[in-house]
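Both of the next two complexes hold chain A, though its partner changes from chain B to chain C.
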Partner chain A sequence: MNVAKAVVRRILVYVVFGFGTAFFALPMLWLLSAPFDDPPTYAVRPPRNFSLENLSQILDNRYAVPSLVNSTLLSVGTMVLVVVSAALAAYALSRANVPGRDALLYALLLLSSVVTGTAAMVPIFLLIYQLDLIDTHLGVILVLTGGLLPAAIFLLKDFIDTIPRSYEESARVFGASPLQILRHIVVPVARPGLATIGVWTIVQVWGSFLVPFLLLRDPDKQPAAVLLRTFYTEGGSPNLGLIAAFSLLYSIPVVLMYLLAWSRYGFRFHGGIKS
Partner chain B sequence: MAAITLTRLVKEFPGGVRALDALDLTIADGEFFALLGPSGCGKTTLLRTIAGLESPTSGTVRIGDRDVTSLPPGARDVAMVFQDYALFPHMTVVENIAYPLKIRRQPRAERTAHATAVGEQLGLGGLMARRPAELSGGQQQRVALARAVACRPSVFLFDEPLSNLDARLRLEARTFLKRLQREIGVTTVFVTHDQAEALALADRIAVMEHGQIRQIGTPREVFGRPANTFVANFIGSTPMNLLPGVVAGEHVEIGGQRLRLPPEARGAVTEGEKVTVGVRPEYVAVSTERTDGGLAGNVAIVEHLGTSSLVTVEVDGLLVGATVPEDTEPAPGAAVWLVPAPERVLVYRDDGTLVGAPAR
Partner chain C sequence: MPPAETTVAQPEVTQPTAASVGVARATPTDTVGLGRARAVAFVTPALVLIGVFLVFPALWTLYIGTTDFRLTGAAARSPSFVGLENYARALADPTFYNSLWLTLIFVLGSAVIGQNGLGFALAWAMRDAPRWASRLAQTLVLLAWILPSSVVAFLWIAMLDRDAGTINVLLGQTPGVAWLIEYPMVGIVVFNIWRGTAFSMMLYSAALSSVPPSHLETARLAGASGAQTLRDVVLPHIRRYALTNTLLITLWTFNDFTPFLLTAGGPGRESEIIPVYIYNTAIIGGEMGYSGAISLLVLLMNLLLALVYLRAARTGQRTAA
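Moving on to the complex of A and B:
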């Protein structure tokens, strides 16, 4: 009796898991098959009529490949700015006794969801307009950096807190200057944390739509996430061939980067340091 | 090689905590010097002030013939070994040892050769390419030592270098440390809260309490003639017997019994003065027959310590410890007489200071 119950329970568990997996796997499978089908449909199925026509069309598109370059510029630019500023800020906040430090960090974290949130878009647009940064990548990078910094500082400070101060003191006794300590000790020891923040920033920027959509008017400057919305046929219906092929190109860099970072650092946020 | 001279050294932390209280101390060239005390007594602060990691509120620190009070740590020519060893986890053993030389801009080949030589001298041959996480605690400690040795400082500063090792390894490392210091002959200051470690290693010990030095002396002096009841209590693996009494002629009355005063205390105390008599359990003989000049009591507890046993005897409501060789323990409850070795009896005044000539 009990055995039968266990078997039924196990079957039910697998059925539920199966549905869950299928739910998340179907879009991925579509992404893998649709770009190679001619003509593609919404159905998830192996390509009926295998062809590279969609891919060659997207490569011929005047905006497609440049938009991926734009996405890379925005992501890498924001990543560098976020990692450098967050590392310096987190190091200082971790090592110096600033009164009300934790309250400040939590307040920043809370406000940051407003800064890049929809509610702040009008003031941000006006601000960037007054700064004369509309239609520039720099403007987008600055706004995205502002939005991501608090969370990055918060995560990195936690990470740097786990690095014993005795490392730095030891280097100081041996005569190392503050910059040498940062370069020789703190940055290498904090590298897994910095890498995590870097990857996280790139993924955030790669997928961000609203900020570049509002701040970049010139289609030559728009990133992939923004360009994707323009693939319509003349009749006004979505051009599935282009969308599928472009989505595939759009996902590959992020997946590759994620795999690379994961294999090198394993995203260990704690336990990377043992004294 | 250099002597260390501290003059009227004060360190006050924000909030008014006085970690060092007008401290004067001279550590001789080549000396192995221990700073001993309970936690919070200021010993680590003192070491960090010598290193330059803390700056004193007032007073001066001299190393050799230089006043280093306002110099940064790197300019003081000291090497420090931290309690957690502070080995850099992303560098190999040889890179760790060579790091101080890298800061001094020695060419890579030269510093690697030097670091390898020092590492081998300290028994780290074959481990040079490993990272600290792949070493045992004892090996990590040696890497930390090698890194300090490699930069040839004029002073070594050790912050509880043995406390992260397990008991057996600690003994081994202790011997190793002492031999190393003898060989190199560099002035060494080390901090410990373990009195046995201080007694075993140091040429001289400073016992600290509340930011002040309560006694400075050789291990023999500090163990044999503690200058006050604090030191008497702190030093020794079995605590010293401290018995309250009242001076009566050439004797002290303890409970209802009398103990003869040691010669140097006889003229120095006044009739009826309240005193504390101190005597180590190791210097108390236990007799099962009535003995003149002994304290009569009954055995309360017998604890085995290996080659000896600690016998706790109840004397008129006071508990007095005495050690006896193994297999000669009296039975619990037996009537015994305790006879302290006369030259080992110490008399402390009511304020805790030793009567008669202090150790130095």
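Moving on to the complex of A and C:
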């Protein structure tokens, strides 16, 4: 009886696993095969005609490579702004008695989950329109920074809280100024935390669709996430070869950054954040 | 925005440490002599950015929703105050109810039931599976979460294509069913389950590892069936995780714009969930005032979910301490 039960259980586990794995693997296989198939199809299949023709199409397309440059600009710009301002804020919140700190942290926490791109797309569009920043990278960077900052501050403050204060105290005893302490002691010690926030920001911006889609009309300025939808052939049907190859190229940096973060710091969940 | 862009972390309240009191004179917790003025200066850039690009838009929604703001025409230059007209119009608008209903189906089907259920099933099955198998499954599920949403959306367009999609090829029918046209809601529900199960799976894996093995062993020796063990031993341990998980994935799914990339709300309005509805009325239709009113409802819904979540997280922390 118990043996039969154990066998049934085993089988059940394998069935759940088999179906689960197939369900998740099947769509992704397309990303591995279609870029190298000539001509590619919608269906997942091993490449009939192995070719690198699709990859060279990326170079021929007037918008494809520039859009990756745009994605990089947006990601790096947002990352710099988020990391610098979050680090300063988190440090002050961790070390000094900022008035109303606990209420502020609670409000940040609430804000980061309540004011989403979906809920705020109307006012954000109007705000950027009034500021005359429509169709500029700066507008997108500012909006994305505002959205990512609360979570970044929160995570960094947690991280800085775990750093013992004794280094800073002894530096202070030897007469270092607060800015010197920050530059020469806190930043080096907090580097893993800063790196995590940096990678996290880049990954978020690299994949973000809604904000650049709302605020950038000019295809010369659009990042890869938005441009991907516009790859059609002259006949009006999706240009599968280009879409497949470009999707692969566009996805690789994100996966690499995850692997990097994963191998260095382990795969951790901070509340809702993937790091 | 993709599901992980919104964030809720555990609330934390740090107490000033007694050891620091001796060093600082200005304020009791000021260990490193930052001083109040400099501390405020450090916090200011971040707060200004958050204030202008996050808080102000949210508050401005209150005002926009009471005007006849339009993208083009006379009302674009000088919008006038219309009071609660937009809200009255929304409450009488069948397309709004249609979106609400579709959103409910989308959230219940893909998050509350789909991601929750599949995430738990995978986490549960992983405990008994060989190591390589659980590694493989975990990697694939996480990859589905990591890939950019534009790419993932196209992967599913390819899966569900009428003429040559993988599903129709597997079913041996080309051309077969045009899934996204005939069953658009099923399409986006399945898509979102695929996209977002990783979070639930990871959370339940962590939760299940908190169940003491001795309890499971006792249940087994007492001859409890699998269902009984699940109900009486496992469930009490993971109940809190299940609540947190459900609240978070509900919030994210409710705000998910990605289905737009699959169906753009169509055909007609058959998959026009609230995020897509707001986009279509605001940006395509140009009715900023009216969609501002709808946005406010989304903000309030988010606020409610987040408050319940924070309360649950806080009481959980207290009972754990």
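Some points to look at:
What we mean here is this: the second predicted complex is superposed on the first by the 247 of 275 C-alpha atoms of A that agree within 3 Å, B and C clash if a C-alpha of one lies under 4 Å from a C-alpha of the other, contacts with A are read in each partner's own complex, and residues count from 1 in each chain.
Definition applied: a contact is a pair of C-beta atoms (placed from the backbone, for glycine too) under 8 Å apart; a residue touches a chain by one contact, two chains touch by 3 or more.
All values derive from a computational prediction rather than experimental measurement.
With both structures placed on the common chain, the touch criterion links A:Thr118 to chain C but leaves chain B unconnected. By the touch criterion defined above, A:Gln180 reaches chain B but does not reach chain C. Comparing chain B with chain C, more residues of chain A are touched by C.
Contacts of A:Ala96 after superposition: chain C is touched, whereas chain B is not reached.
Of the two partner chains placed by superposition, only chain B is touched by A:Val189; chain C is not. Look at A:Glu169: by the touch rule set out above, it reaches both chain B and chain C. Overlap of the chain B and chain C contact sets on chain A: residues 169, 172, 273-274. Every residue of chain A that touches chain C in the complex is listed here, in rising order: 9-10, 12-14, 16-17, 20-21, 23-28, 30-31, 34, 41-44, 81, 84-86, 88-89, 91-99, 102, 105-106, 108-127, 142-143, 145-151, 153-155, 158, 161, 165, 168-169, 172, 178, 181, 203-204, 206-211, 214, 224-226, 228-229, 243, 247, 250-251, 254-255, 258, 267, 269-274. Put simply, chain A touches chain B in their complex at residues 164, 166-167, 169-177, 180, 184-185, 188-189, 191, 273-275. Per the touch definition, chain B reaches chain A in the complex via residues 51-53, 72-75, 78-80, 82-86, 88-90, 99-100, 102-104, 133, 151, 157.
If you check the complex, the residues on chain C that touch chain A are 1-2, 4-14, 16, 20, 23, 27-36, 38-40, 42-43, 45-47, 49-50, 52-58, 60-61, 64, 69, 118, 121-122, 125, 128-129, 133, 136-137, 140-152, 154-159, 161, 163-166, 169, 194, 199, 202-203, 206, 226, 248, 251-252, 255-258, 261, 274-275, 278-279, 282-283, 288, 291-292, 295, 298-299, 302-303, 305-307, 309-310.
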